[in-house]
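Two complexes follow with chain A in common, the first pairing it with chain B and the second with chain C.
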Partner chain A sequence: MATTPTATASPAARVLRSPVFFSVVAAVAIGALFLIGTGADPLAAYGAVLTGSLGSDGIGSTLTTGTSVLGMALALAIPLRAGLINLGGDGQLVLGGIAAAAVGLYSPLPAPLTTALAVLAGMAAGALYAALAALCDIKFGVPLLVSSLLLSYPAASLASYLVRYPLKEPGSSLPQTPRLPEGVELPAFGTSTVTLGLVLVALAAVAYYLVDARTAVGYEMRMTGLNSRFTAYAGVRRGPQTLRLMAVSGALAGLVGSVGVLSFPFRFLDGSLTAPGYTWTGLTAALLAAAAPLGTVLASFFFAVLQVGGLSMERTTEVPRELTQVLQAIVIVFLAARLRITWRRRKGDVKA
Partner chain B sequence: MTPQPPDPATGDTAADGPATDDTAADGTPAEGTGTHDTTAHNPTAHDTPAVELLGITKEFPGTLANDRVDLTVRRGEIHALMGENGAGKSTLMSVLYGMLRPDAGTVRVEGREAGFASPGDAMAAGLGMVHQSFKLFDSLTVAENVVYRAEPRRFGFVDRAAARRRVAELAEAHGLHVDPDARVGDLPVGVRQRVEILKLLHRGARTLILDEPTAVLTPAEADALFAVLRSLTDEGRTVILVTHKLREVMEGSDNVTVLRDGRVVARLRTADTSPDEIAAAMTGRAVELDRIHPPGTPGDDVLTVDGLSTDGVHDAQLTVRAGEIVGIAGVAGNGQSELIEALAGLRPVTAGQVGLSGRDITHASAARRRLAGLAYVPEDRHAVGTAPAASVADNLAMGHHRTSLSRKGVLPPKAVREHARGLVERFGVKASSPQVAASALSGGNLQKLLIGRELAHDAPLLLVEQPTRGVDIGAVQNIHDQLIAYRDAGHAVLLVSAELSEIRGLADRVLVMYEGRIVASYPKDEADERTLGLAMAGAAPTHSVEGA
Partner chain C sequence: MFFDSDLFLSALRALTPILLAALGGALCERAGVFNIGLEGMMLMGCFTAVATSWFTGSPWLGVLAAALAAAAYSLILAVGAVTLKGDAVVLGVAMNLLAVGLTSFLLRTVFGVQGTFDDPDLVGLPEIAGFSPLTWLSWAAVGVAAVLLSRHAWGLRLRGVGEAPDAAATLGVSPVKYKYGAVLASGVLCGLAGAQLALGNVTLFSENMTAGRGWIAVVAVMLGRALPLGVLLAALLFGLAEAAGFRLQGLGLPQQATDAAPYVVTLIALFLTTAKRRRKTGAVA
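So, the complex of A and B:
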């Protein structure tokens, strides 16, 4: 955001000139070439992506997927804003889910309170586990990148064990918990699969935006991301900052996990939270937006559209949904080259 | 916001595109040239210039770094290339050395047209460059460094004995005394520089380009370097000296070419010019050089350091009082940075006591020290003192963001902008808007930003490291005036500088650091260049160095 050299240009011009916009357009164009090469009609395929994800049949699905993608994108963007990379999203997500399931199954409280408590438990589980990764970095010098990633595996294994033994649904052949009691679920909008979870994640995005732009903590976070020696010089202590940011990050991942359990299928099924790859899609979205709040929301929505629309495209046309993954990959490749592109564009501006 | 004149360079190019070789246009060369325009435009047939650059134009996005620059360096001379930061010196030398391709213009080396595609080509044509940061392998010996990539071979293997002989011979022949078997990492900076020069001589360089060669040297080492350079030119080699230090240009060079805003503004014969004339050409106005400011009136102790030790500093003893500037002189790398970092709370103290306004801050965090009344201008303004990618406003907010600018943790963007506007105006930082990235500022403006931000804390103690390193002459005066005004407002200032003239001009007392110890202390009137120079080289008379 603040890093663009053309800060004085109008917002529209900035969007058009931004490497993100360029990458997306280029990816769509190259994707069209692929489609033509395989004999498919690019307009039909892209049309199917859009109608399938944004049409009345698909929008609910897109918002549900978007909830998880955005939640994970925020979880990864927040530490990324300060230059920290949390690769343990899967572990924090799964622990959040299993904690929410356990509370949902065993809490003696009335259903609405149990639901709220389950959400909080999921967030707490994710936060604590992410904080553990941060402590490994701060206290023992294990780089966060490594500690967060490696801690992710035992977390997934623990959840696997729990749903196979202590929390297993009696009589079921699947590694899953029993269905949550009646009423222990996030309220849905009408008959759709979209739940209050979307509201919670959206609130988190708004909070991130406000903290980032308008608070001293957000300022320190941004400055640390741009130059951590600068903030250390001014007296910001890196350790506590890392710990706090990771805890928030883990809490959001845990939130996504608990939302996944407290909406359809209303139980914890081993692998169901991680299989769709929300962590990685979220990480991609956060990187695409360089962790800026608004950009993270837009990128998450974009990827949700691709993911849901790809399925629909596969159903209605001959094009396999892997095309959307190709598009994602091309976007990333172009972004990796963003520096060179911006440099050329600036040079062009001077001469024009 | 300060009004900023539109950049003439940019407007210019947009209008007329790539430059032609019409050198006479735009009144180039401009003021200061007068009568002694001896080197330019009269290449004599029997004496081919060592280096000739004609009409070099190089444009970067947003700046015209070189605008039809002509430079003629005769064989056997020491030619100084001067100019402030951003004047285009580095660009010009990069063009000459094959690191940049010019948009227009011709490069001739010893009469032959040359368009070097890489430094390797330039070396093959007899050029050699000593960069400001040395390019040596610390873990290898002197001989190994010197012959690197031009090793004497025997049966296809590196002939180490021959290499050592060769280096010893070269060193002997040129008075560059150095042990071929010493490890470069163990050598002092002055000696490493000799290794760099030997490297060039080993490859048969006939023209040597030295970029700011004395930045890391004591006065005595600098004198020795010039003796070596003179002996090299006596045997027919040529030296191009890129520098901004007037003193050594006056003492060591034959001719001077001054660049400003990418153009040649003066070609001078050293014998016929004066430091004031060169400075005026560099800045475009008359400048008062090396002013010695009158002493301050010290009050109570503000900073008391008693037996402080940390990694790189041993048993430091010093006091800074309100209303005085204490200067720490010393060759870079003798513990000054470590001492300041320990005082700023960025480096753990292993022994001793540090007091600030009567409070013990020996083990306090950096944040707590700032609350106790400490502001700090660090040496490295890009890596430590600012976040270049962040906006000017965000850079100016640092340290103020939890005190004056925010309430209960809320930091309104408007407050940050207003704060930035105020400081930009008060300290004359030239920025088109507080929202531009700090990386867009020149070195001098970035330093003004940094100093302004720290002065604005109004802290009783200010630590300043190298306040004018890499800063234009014009801005130097402004920064010095700010520091003196801060002192006169009753604050204590601890100043570390590698520039003796700066220390002498500003400091009320001068301490000298050598190998991690404070080895001497002089009142202002005794701190002359010779005395300080001796102490910096470790030859101080062993007298008491109490903080008084």
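So, the complex of A and C:
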């Protein structure tokens, strides 16, 4: 099968025969059919996606979006590496954001310390909430997929409540907190909207790469993903491992939430963190990369390009930007249909 | 009176889409296909129902088209998970995302609006004796599914395919055929669920209007252990929690607390039932 390249195949041949390459090409081709169907020129539309996202006007926006997408992708890739799916990213993200906003507004410390504290508070909130989902799985036998998802909705409701009552900006008609005090923000690069958040998320990606490739914990994580019965037999305790991975996952989602609050618009606005769909885009990127660290970074960048480029495609060709969301999903549909062929071979029938 | 008949009636209305989708999920579960694409199939049903009703003027054609469109959409899962042996969870997640993108894209290209399509000329479903015809249908479907799964040869074979596909194959029962049947049936049921949501509960289409109901149906399948009556009870629990939430809102509780209530109630119900099952079997799940 094309999905198990031999060691002798050249790198170029391996790329061409990989299911990822196939899925991306197939999605782009189907997208072209959509574009022709709506009467647009596919080349012009895809050209607009690229120039709009990678040109000098768009690259800042792509990096800002990319920060959030990559952060969420890492958050979801880490449990996925061990075969766990965290569907509660939205809840963890929002709690991280509201915790960061609360600390940012009320901490008596000087601004730089408050900023750091707000980031840590956001990460802690996300981590604790994700750990709660893990406990539901470990202690009460509610599958993680379901527990993380069900917990996500009350978290969003809680944040929505806080921002409408105790933390609401007095006199504002919007459900939002007051603007954070002067200086309580992540430093931006020059006049762009790209902030230190990008550096923090990039550091997380490097850390994930190193842990995954070089440490015993990373090895256990990968092996659990490939064959959890084998690792259980070899003495990896599933419960504590799930708890740890989910805590890290939630912490990263919380980080994305706090970055979203500590950069423009410098406040928590109800719904603004979840509306762009970073959680789902991130999950898609993590799935596309099969949770491999480098692949997750590349896939996140690819999706950030699509998301930002979609806007300029809409401006120049009048094709709705939702098309890029369709492309994103089609990539994963193709990939999912082909992916399991390799997984099954390696894993046997663990999931059944 | 807090728990009066009005509360019960509004719970019954809220529960129809969830019940229909969950029945589809239960059939898939019984056939050994984990279907978490219910949400996406339902959303495709919502859009098709509204578009068809709008262009033909007939909500009935809308219902029919929704069932067919969602069944066609469910083929992604059937081909991907059954024929190609792909990962059903990943496929389901992708189908849900694809449905959101596709319906939003179509909303803009077909109707030229963003967010919500809402027009006084859009014809919704009439009511029969106080309920939408699809509500009546959903109750009938519970009975039919229960009898089918416990008494009829089809249902017994379907369960056999789910529990021991190799044994079923040796007896001449094609697992592929039954799995396709279950997935397509879930597509039809989700299409009806979508039609009920968009032409029954309300008369409009808005982006991502299923808002997690398909996921709740997935949970209802789990809570009801893929038994039609169990699924009905699970969906009813969720519907009651939602309706009670609206009632509590009237008593001054913030809307956010009542929004969260159904999810918390469902999670607690899952705790209780899994704990009970563990005690009974003595197994660590």
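The criterion applied here is as follows: the second predicted complex is superposed on the first by the 327 of 352 C-alpha atoms of A that agree within 3 Å, B and C clash if a C-alpha of one lies under 4 Å from a C-alpha of the other, contacts with A are read in each partner's own complex, and residues count from 1 in each chain.
Simple rule for what comes next: a contact is a pair of C-beta atoms (placed from the backbone, for glycine too) under 8 Å apart; a residue touches a chain by one contact, two chains touch by 3 or more.
Fair warning: this is a prediction, and the values are worked out from it, not measured in the lab.
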Practice task
With both structures superposed, pick whichever of chain B and chain C touches the larger number of chain A residues.
Solution key: C
Handout entry: Partner chain(s) touched by A:L54 [first = chain B, second = chain C, both, neither]
Key = neither
Practice task
Quick one: classify A:A234 as touching chain B (first), chain C (second), both or neither.
Solution key: first
Practice task
Based on the superposed arrangement, let me know which partner A:M223 touches: chain B (first), chain C (second), both, or neither?
Solution key: first
Exercise for the section: Have a look at where A:T215 lands relative to chain B and chain C in the superposition and call it first, second, both or neither. Expected result: first
Practice task
Applying the touch criterion given at the start, work out whether A:V28 contacts chain B, chain C, both or neither, answering first, second, both or neither.
Solution key: neither
Practice task
Check the residue A:L283 against both partner chains and state whether it touches chain B (first), chain C (second), both, or neither.
Solution key: second
Handout entry: Overlap of the chain B and chain C footprints on chain A, listed as residue numbers
Key = 343
Fill in the blank from the handout: Listed in rising order, chain A residues that touch chain C in their complex are 34, 38, 85, 136, 140-143, 145-147, 149-151, 153-154, 157-158, 160-161, 164-165, 280, 283-284, 287, 320, 322-326, 328-330, 332-333, 335-341, 343-344
Problem - Residues of chain B touching chain A in the complex - result: 10, 13-14, 59, 61-62, 344-346, 365-370, 376, 378, 383-391, 394, 397-399, 401-402, 405-406, 409-413, 416, 432-433, 435-437, 440
Handout entry: Residue ranges of chain A touching chain B (in the complex, touch as defined)
Key = 2-3, 5, 7-8, 213-220, 222-223, 226-227, 229-237, 343, 346-347, 349-351
Practice task
Quick one: which bits of chain C touch chain A in the complex? Just the residue numbers, please.
Solution key: 36, 76, 79-80, 84-87, 89-91, 93-95, 97-98, 100-102, 104-105, 108-109, 212, 215, 218-219, 222, 254, 256-257, 259-260, 263-264, 266-267, 270-271, 274-275, 278, 284-285
